[in-house]
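Only one structure is covered here, and it is reproduced in the block below.
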């Protein structure tokens, strides 16, 4: 064997040993691809399935009931609630209890028996583009199933092409995002996602850096305590995060004409809670891993995947299979994305999002307490 | 007789800093030569130039008459660097095997030398232990073993006893003494003034220049320690 | 007065006994040296003494407070300079001092006054606004010492303080320590530089968790390396080893790099040793030397573990 070959093989053999001994490599090369395929395979579903739709019956006849049964028979849509008037449906949309609402106009039955065309209105929540698109795409199928045709309501941006001459019509109205701009429904999710990633990474490095440098030992010999260190490290990043929130909203408003229809204090409080939770997550990772490199990787991974896939950012949470759906309950981004969409686009208020606020507060408390507790144990 | 190592008016700069300002040293076969000086004196730079890892900006280095950057010179040269000499996540044996392959040591020679080196360094019971789990002294001894696998005629060591416990330090120096008695030429750099006394000859290096060369006892004559002598010499230059 | 009284201090980590029944006392204003191989239990013992690690059993009274029961009080009275230069390199000297002063609970005007005092004590005049990371090692260590003195502790603990520091700065640093001690501060030092340990009034040596020797440097030499010691230099000094070892007056011959250390009984003198050595065998010089703490260390720790 020539010297050259021997050296090449020696380098290769050594590299194999390195890879085998580094659990991160194994994770990267084997674990993560499998996990991602599973998550994406199960989690990413753009099809319409079990989506909650409200029913507003302004006519109140047995004909409307029959129509309702026909439309909901497939199971692709599920009856969320029955509303006496449109205002109730709007509230349901704002509070995320329904993603669309059928409105049966008064006098519909009468028109039908007389042979006049009946227009059934379908209000769609445009703040979640994926859902809206799915509903629109299936409106025709729904209509056909109920022997109707589907077309956008006159005056809305979608002009129907090739509509038949129907007996009845489903007219779709996209609420909250009439022009259907992707930026509108992507931006709130983007804000949450970016904040999550940045805050986790900021704090993940904060403590790991002190461990690596050795300055942690020096701190321990002074009289400063564990909780003091945790809070002291968290505060500047919290302020930085709040500044980021304002920055991102401003850019959204000025460049993409992102509206702000809801309550500013609500967004403020929610953002603070969200930031504390994510900063705390980063701190916890930092305390546990003690190495900057590992902290960065773990931080990015734990912030990116859930915020991207389990938060409702790209596709609806309701569509996730049960295990992932329950998992999304402990992802703070899930609460924040819904809240931001509501507050920015739908003009929803405190009462619509009390559950989201509770979730954010719980997560924030959990991570800060866990950080302080783990920290104290690490001292020895 | 060609000296094992010849450093001739060596100059090396890093940007605006002159790390070495015309250093000249000769090390003969079987000589234990110490390069003694404080942090920043230029010791590591000098050793790296001797190992062919750095190009001189002026002057020359010759290893048995050859340029250290050639393969011919490198075959006769062993280097024990100050840091990152070994692979932490590889075991003692895996490290040895890797360097053996790298230096193209023939298999039977390798088996023989490996056994002897493990014996000398007392690392035989730890062949499966990862390098990162070795104590400071053991780590350095392993680094030395890896540098000796190809039986070099000239050994360069950069601060081999930094942070090492006193027992291992004594053992390392004993090993060096035995190597030298067997004919190997050794150039050792050290910041520890008291280690100067363990060498045949020393050169005192400060700020890139040699302030004194010769027998350590000669240099320390009249002072109560080599360190006092060093300070006296440095003060005289200032 | 004894500022530190250590009584049967013990610390285990699972089944591993890091510190095994260590007891000693340190007087006020004394410079006390702590020696031992890595893993011998030095660092663990120190951590317990400064109140950063609770003992498994036993106790130490530091400046009147128990490390087991009142660690926070102990911490307030100890200044600790750790091994790894743990100042923040991207802060200025002043900022580092302010931060550590705050961490020790010294604020406002009191802090400003103390910074001024400390700067003069450790000789950092004119350097307050320099970036710590850009200072040479010796000066950085003075900043670290200064930071540990801000809360005027009666006890200062230095863990390998002069690692990587040039000889000149090392001398100055030890002058500072001696001044501190003379003024009444008790100083505990751990170091690998055995020649520095000679500056200490007393030295304690730890091996495998136990304190096996405690005395003045001279006393330790007398106990552990009795007799006389000679250094043999020359290009072929090693060849003389077998013949020297054969002599009954010779207790031990240790290779010391390229030289030899020969230990004999009290009665042997230099001329006698010279007469044993064949001048043609490449022996250049023979002289009598004082046994160093390294010799003591080796005698105490023995051939130890690798």
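Residue numbering begins at 1 within each chain, and the chains themselves are lettered A, B and C in the order written.
FYI, contacts are C-beta pairs under 8 Å (C-beta built on N, C-alpha and C of every residue); 3 or more make two chains touch, one makes a residue touch a chain.
The model shown is predicted, which means the values in this text are computed figures rather than measured ones.
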* To do: Tell me, please, which chain's centre (mean of its C-alpha atoms) is farthest from the centre of chain B?
  => A
* Structure fact -> Most contact pairs found between chains B-C
* In angstrom, rounded to a whole number, how far apart do the mean CA points of chain A and chain C lie? -> 59
* To do: Give, as an integer number of Å, the spacing between the C-alpha centres of chain C and chain B.
  => 26
* Contact footprint of chain A on chain B as seen in their complex -> 87, 89-90, 94, 97-98, 101-102, 104
* Which of the residues in chain A come into contact with chain C in the complex? -> 213-215, 217-224, 379-380
* To do: Could you please specify the touching residues of chain B with respect to chain C in the complex?
  => 30-32, 38-40, 121-123, 126, 135-138, 141, 162-171, 173-174, 176-178, 180-181, 191-195, 197-200, 215, 217, 225, 227, 230-231, 234
* Provide the residue numbers of chain C that touch chain B in the complex, in ascending order. => 35, 37-39, 136-137, 163-168, 171, 192-195, 231, 233, 235-236, 238-239, 254-259, 284-285, 287, 292, 294, 297-298, 301, 303-304, 306
* Asked: Touching chain A in the complex: which residues of chain C?
  -> 50, 52-54, 72, 75-76, 78, 80, 82-88, 100, 103-105
